[in-house]
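Shared between the two complexes below is chain A, which pairs with chain B and chain C, respectively.
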Partner chain A sequence: MPWVRSVLAILAGRSLQALIVALVVGIVSFIMMQALPGDAAYRIAAGRYGYDMMDAASADAVRLELGLDRPWWIQLRAWLGELASFDLGRSHVYGSSVIEKVATQLKYSLLLAGGAVIASLLIALPVGIAAGMRPGGTVDRISLVVSIFLRAIPAFALGIVLVLVFAVQLGFLPVAGFRGPQYLILPSLTLGLGLAAVSSRVVRDAVADAMSAEWRLFARTKGLTARRTIMSHVMRNAALPVVAYVGVQGAYLIEGVVIVETVFAWPGIGHALVHAIFGRDVAMVQGTALALGLIYVGLNLFIDLTCRLIDPRSS
Partner chain B sequence: MSSRSYARKLFAALLVAGVASASSVFAQDRTNVAIASPWEIASADPAVSGFVIQKLQIMENLVDADTQGKLRPGLATEWSVSPDGLTWTFTLREGVVFHDGTELTVLNAAQALNRALEQPGVLSKAPISRITAGEGALIVELERAFASLPALLAHATTVIPAPTALDADGIPSDLIGTGPFQVTVFSPPQALEMTRFDNYWGKAPMIETASYLAVGRAETRALLAESGDADLVFTLDPTGFAGLADVSDVSTVAVPIPRVMTLKVNASHPFLDDPRARQALSLAIDRAGIATAINRFPEGAATQLFPPALAGWHDDTLKPLETDLNAARALFADLGWSEGDDKILVREGERFTLELRTFPDRPELPLIAAVLQDQWRAIGIELDVNVSNYSIIPQGHKDGSLEVALYARNYALTPDPIGTVLQDFGAGGGDWGAMGWQNDAVELALETIAASADEAERTEAIRAVASSLQAELPVIPITWYQHTVAIAEGLQNVIVDPLQRSYGLSELSWAE
Partner chain C sequence: MNTITKELMTTTVAVSELCVHVGSTQLMGPVSFAVAPGETLVVMGETGAGKSLIAQAILGTLPEQLHSSGVIEVNGERVDNVAAHIRAASWGRQIAALPQEPWRALSPLKRSARHVRETYRYVAQHADPESSCARVFEALGLVGAEERLPSELSGGMAQRVAFAAATAGGAPILLADEPTKGLDNDRRARVVELLSEVPRQGGTLIAITHEVAVARALGGKLIVLKDGQVVEQGDTLSILAAPGHAYTQELIAADPSSWPQTASATPGKVLLEACELSVVRAGQNLIEGLNLSLRQGERVALLGPSGVGKTSLLDTLAGLHAPARGSVKRADGLGPRAVQKLYQDPPTAFAQHVSLDVSLRDAARLNDTPWSELEDLLSRLAVPLSLLARRPDAVSGGELQRVALARALSARPSVLLADEPTSRLDPITQARTLEMLAQIADARRLGVVLVTHDAHIAERWAHRCVSLS
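Coming up: the complex of A and B.
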């Protein structure tokens, strides 16, 4: 079947991509960590035993234990060897298994990313559709200004503003941490608003294009109600670019998660990555970067398959 | 229905859904205390996270200390030393149980301390030859007399975890101790929840539960205090601290702690080998200005190395360090320096240029480095500031390339600072202390302080050390640090420990 064949082709292509991403991400993050100034052994010693305990003696102990004095290419080869057996090694600072740590953190980050995408769709779809129905109308113009404003604010500042309004002034929501579903709302909204700022415009353009398309006029002429036309023709056609764009937003999301998790003390992978970089925990940096890279590949795969599903012509 | 009204309805529905999902934060039931601080608890291992485990009173030490640093019984009821000063005996408290019901034995204590001895930490720096389990008591044998051994057993890395919490490699993998609070939920590295431990050997805490959240960003911590989500918030930045002063149901306190921002000076550098040169550098520093404008605590301007929080080491009779640019210029003139064409001092064709190394982990350090650059330029010294990884400081100490370094040093890692002071100013100096500086009298006095248990003898030696450090300035103190805390209204008996050993949870209570 041609449809099955095209899905298989997608799967094969993306698997190859995943392999390449894993290698490139692992090697590049390793090289970048090596290129940082200063002696990693001191950093790791400080991460383990505290700043006040860190001295040349504890750094020497760490260097010896982790073999940091080996040539860089031997260290990299050791990591690649472990990767081949699906082992990401142990955290240099905490000694715990990287896979276990990444798996726990990933759960929280995916929850946050999912919350952000849902929040962005809840905002972008109605706003974008309303704006696209009447291009140049009031909704269109106001939403354009608001979206430029929201996209221009860094996620960090937006998060603090939302906390000030909803947690400090109104007292509706908790400030930070994670102890229940209500803790998900503000960080998701922070990311979601940033995503919606752009995706609402993509939705608007797609809807506006679909609304002015000849096939829409045809659907109306053949007697379909305005509502039927929108639901079964306009929406389906407008969905394609929107779904593809949600995939592109993965990049924004991964970048945003790192910042937003730090602001909201969210126990996710972005936060862990920042800590690992500061602590020179090379194994953790490679592990988290690898997970983020693979998620990106996975997301693209999901988008490819969804587009195939929406667009009957693609098979 | 027109498309416009359709969109409008959808929008209204979403708005309703959004508001409904935003359920209000559950109200505090006033038997719980929520704490926020910057420190993560990444592991159950005291060697890594001991300082948080100890503050939260989950695990305990053989020896405890009050906020003045005065030692008091912990899991050991008493301790004594043999006449030759080489064998210490710590009598273990009877009837102490861990949170999981296991009884505490001398063997558990010996096992935990032997592990702490193997790790880089306070114990490994002491002259300990053997730690063994005796009859109802722990025996510590020393290579030479060391009077402040009990103070080391009050350090965070020497708390006693339950034997049942150890994994196959002997590393604690669960937060089980003997303290007044037991952990119910542990979500490393950021959060944990605790409940009062009913079989605690000591006085039962008044609050029933406590939660802890590690929050890296100072802005978020201040917001947690302001919103009431956290009742006790530790370590606020100057902006957050000032902002919370205007919030009605939160009070703030700043307690001086024994952490000092100091300049490490290479005393073997040809420009700096004369004590007068170091005094001149010190005279050119406007400490009051730095303490007021950057740290925002004017009282933090250091007048000597040891801050008032270091009871017994701070000496009120010492002549305070001052700012006097003319005196500084005069000292450099005595040393043969004269002003060059570009206002920078020169001597025998050499410009007075120094490199200062510091690191950005404490955000105030690079700022203060820039201030020093400016202040020293006023007396004709050109300072290059190198902000990098902090490993460049111990490395520069080792290879002799370091000229001046700026960092913060905690002199009360253990309730008795002698361990740290000995490391910093003893023979050969230390990574975070003197460099290229030799003072036999100080060395001898430090050995006396470490070995002697005679209070009068110790006090005299401490005075001698403090006045030598003040006169010779192997490190130049700049400011003393403050520990800042935001406290929710109604929370009573909050004790802020300058030694940062405890959050004082077991003493806390809520006003009726």
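Coming up: the complex of A and C.
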């Protein structure tokens, strides 16, 4: 079965990649945290007890408790040893398990990422298909201008504008935080608009290419209706570059999530990463960076398998 | 195909004073003809003569920037002044078209049987499309190819799948645009056989071809086009037997079966030697235990039907594909660029969005060849320098193949491996291009391996012929 073999090959390749990513991300984030100026023990103690409540003695206690006075390579080796038994250690600031914290935050982040992808596809697919059916037409030209405009605005600025309009002025939607599904709409839309700005153009190009292909005309002249030709020939061929590109957007999404989560005070992983860095919570930084790295790998795996499903040639 | 009913017997195509224009420039015409059920019309002429425009005008698929004038009637009804979607309603049911490039006409992600099955299901609305499809695959010798993707089909198979898909809707009128392009003699004969079935069953066939043998086998009426103008029109067999116009005579003389025989060569030292060579590609054993040596000044033809592994063998000789067993040895002193290759489909061998001038200058710089030498080569190949400002898609296939030849020669090779370099060109251009290749190969004492599926070319153009089967 060449099909099974190609799927197994994809799985094996991505598993190896996951292992390498785990090592590289863990080591690099550790080294970067070591390179930050200032005494980590003071910052961690400040995070635990507040700036007013801590002093040199509590910082020394933290240093002793977390073993921060040990040479850096021993600390790193300890983290790697724990990683091998699937333990990410405890948060230096909160003392709780990193895995549990990351899992909770990840749940919110994936909810936001999923909402963003769905929002972007709901915008990009109809706009891109309509533009691709008539390249150079009204829809094509207007959507190009809007797409350039949206892509030029940074995600956080767009987020603030949306909050001001829909939450503050109109009062339709909550400003920030997460206490129910309606809280998902504005952050998803913020990310989704940025994604759709580019992916609608990718959809448009893929559809325009498929529509001008010789096989499209042949499907018509052999007697299929325009509608049937689009459903059974054009969409599948056009889907291939779109799926691959939405995968690439996953990277933009993870990067965008960090900023947009901060704007919307979203309890997600990007938000947590920024706080962990400020608080010198090395274990949390390593844990969240590792989770983000592994999501990249998982995303790539998912895209590989989807493309494999659409395109039988790749076996 | 065997569902021709009485009602369809009135089917006919009548065209009067048909012209095709782009803006105010006339590309083709005026052409007038009428074909009745059971009749065949053959349109001949070289590439760029406007043959395809006739088929596109009848079908209603002319590119947007082109427009036609004159009257076109299908089944006694005028169609040239009718809205596009009404004309489209007759596609597949009244009038069907065989594509010029079957590979590009089959959508790349669909397995071959599905292309045919969906026509039976949605166009002919057969109650049991699966068995209709199975029957036609059996009849066309395609059993076993049902689950293959278009990219896994040979040219001949793809053409038959396209034929089955186009005709499954039961249209009594068939337009076939260069249906035998790039096919070997056996497969060409099979396609011609399929096409002759159409008039025999009471349908109407309009075939566009540049091959004399195909025209002769199809018979019927003939129109010869040159630069969009009709130069001769009448009964196919009588015109081919006694062509009145000089251009028709030239077209017939260019058919490889009437080429003069090449005199034998005096080969020099061995340039390339294959020992017990076996070639495997995509898990298929293609060539086994082949011994071949190529000497200076020698022209060797590799002859075989499509799908036998000619291209893979050539890639192996070129060092682009590793042999499964055996070896390919180059003579001492032959560097990596001493072996050059010419490709079958010239447009795919050039960077699409770059002018020819840039492609050639890059090759010249890479090979340290002075530009004057390339200019000299191009003038000997009759390529005007003004052509180089264009992109590959804006010159004809014959011109592009000659530019490709100039590019290959700029590396000052000792060996030239040519993969069906003229199979996509019309016969007059093919004859000229191969003649130029022969002259240059003789003058430079090159060793040439020419892959071809045409036994006449192999026999008459090469010094030696190796048959693969």
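We adopt the following convention: the second predicted complex is superposed on the first by the 315 of 315 C-alpha atoms of A that agree within 3 Å, B and C clash if a C-alpha of one lies under 4 Å from a C-alpha of the other, contacts with A are read in each partner's own complex, and residues count from 1 in each chain.
By our rule, a contact is a pair of C-beta atoms (placed from the backbone, for glycine too) under 8 Å apart; a residue touches a chain by one contact, two chains touch by 3 or more.
These numbers were taken from a predicted model, which means no experiment stands behind them.
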Chain B versus chain C as contact partner of A:282, first or second or both or neither | neither
After lining up the shared chain so the two structures overlap, which partner does A:25 touch, if you call chain B first and chain C second: first, second, both or neither?
-> neither
Which holds for A:213: it touches chain B only (first), chain C only (second), both, or neither?
-> second
Look at A:202 in the shared chain and tell me whether it touches chain B only, chain C only, both, or neither; answer first, second, both or neither.
-> neither
Who touches more of chain A, chain B or chain C?
-> B
Partner chain(s) touched by A:55 [first = chain B, second = chain C, both, neither] = first
Would you check which partner chain A:226 touches, where first means chain B only, second means chain C only, and both and neither mean what they say?
-> both
Once the structures are superposed on A, label A:299 by its partner contacts, choosing first (chain B), second (chain C), both or neither.
-> neither
Between chain B (first) and chain C (second), which does A:236 come into contact with in this model arrangement: first, second, both, or neither?
-> second
Which chain A residues are contacted by chain C in one complex and by chain B in the other?
-> 226
Mind listing the chain A positions that touch chain C in their complex?
-> 213-226, 228, 232-233, 236-237, 240, 310-313
Parts of chain A lying in touch with chain B, wherever the complex brings them together = 36-39, 41-43, 45-46, 48-59, 61, 93-96, 122-123, 126-127, 129-130, 133-134, 139, 160, 163-164, 166-168, 171-179, 182, 185, 226-227, 230, 262-265, 267, 271, 275
Of chain C, residues touching chain A in the complex = 59, 61, 85, 88, 91-93, 96-97, 99, 101, 104-111, 118-119, 122-124, 149, 151, 162, 165-166, 168-169, 171
Quick one: which bits of chain B touch chain A in the complex? Just the residue numbers, please.
-> 1-4, 6-8, 10-11, 14, 17-18, 21-25, 40, 42-43, 47-48, 51, 119-122, 157, 171, 187, 189-191, 211, 213-217, 219-220, 223-224, 226-230, 361, 388-392, 394-395, 397-398, 409-410, 413, 423, 430-432
